[in-house]
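Note that chain A is present in both complexes that follow, paired respectively with chain B and with chain C.
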Partner chain A sequence: MPDATTGEEARGSHEPLAVELSGVTKRFGDVVAVDDITLEIGENRFYALLGPSGCGKTTTLRMIGGFEDPDAGSIRLHGEDVTGLKPYQRPVNTVFQSYALFPHLNVFENVAFGLRRKKVPSAEVTERVGEMLDLVQLVGMDKRKPGQLSGGQRQRVALARALINHPRVLLLDEPLGALDLKLRKEMQIELKRIQNEVGITFVHVTHDQEEAMTMADTIAVMNEGRIERLGGPTEIYEDPRSAFVAGFLGASNLMQGDRKGNAATLQDGTTIALPEAGAAGVDGDIQLGVRPEKMSLQAPEAAPPGANSILATVVDVSFIGVSTHYLLRTSWGADLVVVVQNLDDERHAAGSSVAATWLPQHTFVVS
Partner chain B sequence: MKRFLDFARHHLITVYMVGALAYLFVPVVVVMLFSFNDNRGRFNFTWRGFTLKHWANAFEVPNLFDSLVKSFQIAFLSALVATILGTLIALALVRYRFKGRSTTNFLLFLPMATPEVVLGSSLLALFLTLSIPTGFGTIVVAHILFNISYVVVTVKARLSGFDRHLEEAAMDLYANEWTTFVKVTLPMILPGVFAAFMLGFALSFDDFIITNFNSGGTVTFPLYIWGAARVGVPPQVNVFGTAIFVITVSIMLLTVTLQRRSDANVA
Partner chain C sequence: MTTDTATPPAATPPGAGQTAGAASSKSKRKRVPYLLLLPGGIWLIMFYVIPMIQLAGVSLQEGSFQTGYRFTWAWGNYSAAFTAFGGHFIRSILYAGTATLLALLIGYPLAYAIAFRGGRYRNLLLILVLMPFLTPFLLRTLAWKVILADSGWVVGVLQSIGIIAENGRLLATGWAGVAGITYNFLAFMTLPIYVSLEKIDPSLIEAAQDLYSNSRTAFRKVTLPLSRPGIVAGTLLTLIPASGDFVNAQLLGNPQQLMIGNVIDSRFLRIVDYPTAAALSFTLMVAILLIVIPYVRAVGTEDLVA
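Entry: the complex of A and B
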């Protein structure tokens, strides 16, 4: 995997932008589905729009595809303003959530649909459909009707049908949502392979954070029509910056604190050191967080020096196999979750007093 | 007797079904049977022996065949126009939210709910007021009028299960609005459109009341039979009735088979 290239870096570079949204807003009646979004997606990216249902991610994708017209703002594809253009006038193709394969056409004609509209000569159509079915591993299925295919096969046909047109940008609307878990994992890897192979920008809408982190090199986390956080998977996981992102991307322990410079005081007087990077901000009431797997447990007197440490009581212990999940309660009644790898035999029983410790750089501050 | 009652008790549904079907089809069978009756005189009500002479002389009765041809022409024309207009109306009603949409929905039901006598007489009044001479043209107009309602209902039913993403997918793949309609929408709703056409054809073909008001000098097949019944129906009417029944049932069976095949592909 390439090192997490972030949205910020993409913005600073001079590579051409595949998709640019500026000030895009979409209302449905009184509901603002997409609220003044500005977004830049570079060439050859695997870009994920991630968020809960109703956050505006699908509407954003549909506006790029031309299925919805924005109420305000403009959309550019490779520098060309496409706002108001019909879907068939845009150099993008879409893989729909329900696949939307044409039930009256066989696999070959489904995949060939776009080429036929572009009046590509018949011999070339046959050749390119063959290549495409090869790419998505559906050789020999060309005479089947969509009704005779499994979910995973339909998904591949939908992908082939879009990719065969060599779109500058491929839009994927929850493409794996209808598949079972095992198939979904396989297709995640498959999609990533295909994206590497064809080398075009994929814009992928999903509500599954794991799916987004597995596949995308840049993730835009959306909430209530806005982009909450933008960046590479590692970056936004380690420093979510908002309580929403911290909660949506994995689990996290959030605590109230009173900040003074590079340190914060918790309710019981414990002092927590904040990371030096990203510590810029105003003093006063803050929320700070730490991921459960970043914490470790010690006997209260054995807390290593230099680490952040909170005294707590073990409330519940769940042995998962690869790890053990501890539920702790602090002196002021807040719950903490700590995930510990099963490396040694040291276990902490329910009811015992422990120190939950972590390194200062693993602390993050959310707004 | 007891054995029969025992059988009936255990096969109640079967017995009931056979009875219901007999009730429906005995008149049809009688019509067919009497097309082979060697009748005497003007009436064809008592069985006098088997003959094929009416089938051989099917076209000998003056005006009978002409009226049949007229009915076919009217049925074809009115069903065709009603299918085109009705399909477009159904598309508009299902796809778009516009002012007067629910009113249109309601108005479309009216021709089905209005008694034919009322529809026929008011149409006649309209034609007379506008001094339009009644005849072939006014019959077609009247039939289109009531057929549209049935077409809209039939096509709407087919459209309600239609996945709009299919059209978006077509447009995503460079098909403009017209190509999308021809290549995706129409093939998908075609069974419904075809069924609507057949329904309209049948409704027009056997309409008597509305036609009777607006026919002028034009004599359709039902009007001919009505006129002939008073002086004695020639057995050739049974011949044509039988022929039409057989042809209709054949087409229906064909339709069902085709529908089954296309459904199997969709499922």
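Entry: the complex of A and C
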């Protein structure tokens, strides 16, 4: 997956941004749900707001949709200030978390709802609903009531009901949360396909990091009402920059170190080389990390030259088919997780001493 | 509304004794629903079906209290009753209909406010709606007599602002009767509507707003259709008993413009003209059914059940 252009890079260009939040804050009583967020979402992006529950991602989405008014800051859609406008006055549509299909209307009328409100002629409504049901693969279901549909079909109706209005931006609030794992995987690919086909900016709220990485070209990781990290999936995975992002997006081995220039010394005196790109930074106490799948295990004396290497003891080995997970303990008592692909028969038994090694460019420094 | 006769429970016991062995557990399972119906069925037969048949018989009798009544297929009772009291029928339907409409106009906003704006006071507000039921029906209606009295403050205020004439009154008018019915049946209207409104997922209203509906259109296209079962239940629970009501008309209404319930009441208990009273009762039942059936068909709720 190529690195996507981030919001920061798009700033220089003159094409209008699909969504622009500046200094947006939302409080519920004493709780600050969204804390001074500034966000720029370019045209035709698949943008994910990712974070644990209560991080403010849904509130942010609801403010873009017009269901909550920000206490401070402004919201622009395609350069137009929409702060304070009602939901029905905004050129956006939402796919709700629980789909919110109208139970008293059939599939056709659910999908046609927005067009009917806009007084679109009946013949055009029939044609466009037909096209939409075709796009979401629900042909022949138009007479059914939402109660007669499966979870996946309801999801498609909700999507069709929003997309038929040709919104400039489509907001999706945990749209796959209610589906089972297999269906969720299918719908992830499906959503990505539909986004490519219709070429609309999707803003997608999720707590599922895998879902965000699969679909989105830009991810904003949120925590406690703020954006912790913004960028393409690869970029933020490889260089999470904060301990929170490193832990939330996949697994990480984090270690304390004392930094001096382009290297850091661990508690047992081991020297770890830092990547060239991360060289800019202050010396002193830092946390450095490395992803479990970037490490490999060797006998202590066989560590390749030039690689970072830590001596440790194997505590636990679990074979899970595609890979083997090792739990290691370092001499100073820290736990490390190493994931090794099952390429050969070489296994390290529990209790043996090993060297966990990785390339310097796979090291990242977090704040 | 009316439950059909409970013949099934009567039909099972004979067959039950013949089954034996492995088949008995299966037949037992078949019998359980009928056994569950039994208490209610017996109750309805004894206190509803048998009296109804009796009443039907009485409505076709001839004679007088002094000479005794004889069953003579006297269909003339019906035409005589309707000729004599047709005006009362029409007035009853009119009063009950007006009161139902008023109860809907007051009850719907009340139920809506409790369901969507009640917050943590919801239960308290519901108890307040039910509070009048803690005092007896008769007492509540008598209290209205005091409120609407000629020397009462309501009449005084309305006279001074010119809504009613200088010597005008409220008590002993048709409107007082309608007001009494509206008040007494308001909770029957409010509670079913509340239940249907309370079930509506607020995200449905957000979805309507998202799809270019302002608050008014969202109400018309989503909230109102989804609360229809409550409206149907509430109007039936108000209209049907209100049509036969006689207490409000008697205590608050105009003595010259009574309702059919008053006529039936006096025919049964004071004039002791059982056949006419019975014929009036049956005519009222038919009249209500003729109104209710097309109503339920027209605004019926079948299509809401997915």
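For the reader, a short list of remarks on this structure follows.
The rule we apply is simple: the second predicted complex is superposed on the first by the 362 of 367 C-alpha atoms of A that agree within 3 Å, B and C clash if a C-alpha of one lies under 4 Å from a C-alpha of the other, contacts with A are read in each partner's own complex, and residues count from 1 in each chain.
What we mean here is this: a contact is a pair of C-beta atoms (placed from the backbone, for glycine too) under 8 Å apart; a residue touches a chain by one contact, two chains touch by 3 or more.
This structure is a prediction, so every number in the text was calculated from the model and none was measured.
Taken together through their common chain A, the two structures put chain B and chain C in a clash. Of the two partner chains, chain B and chain C are each touched by A:161. Within the superposed three-chain model, A:67 lies in touch with chain B and with chain C [touch as defined at top].
Of the two partner chains, both chain B and chain C are touched by A:98.
Look at A:28: by the touch rule set out above, it reaches neither chain B nor chain C. By the touch criterion stated above, A:88 is placed in contact with chain B and with chain C alike. Judged by the touch definition given at the top, the superposed model places A:114 against both chain B and chain C. The intersection of chain A residues touching chain B with those touching chain C, taken from the two complexes, comprises 65-67, 86-88, 92-94, 96-98, 100-104, 113-114, 117-118, 145, 147-148, 161-162, 165. Of all the residues in chain C, the ones that touch chain A in their complex are 201, 203-204, 206-214, 217, 221-222, 225-226, 303-304, 306. Of all the residues in chain B, the ones that touch chain A in their complex are 163, 165-166, 168-176, 179, 183-184, 187-188, 262, 264-267. Contacts from chain A toward chain B in the complex involve residues 65-67, 86-88, 92-94, 96-98, 100-104, 113-114, 117-118, 145, 147-148, 161-162, 165. Interface residues of chain A facing chain C in the complex, by the touch rule stated above, are 65-67, 86-88, 92-94, 96-98, 100-104, 113-114, 117-118, 145-148, 161-162, 165.
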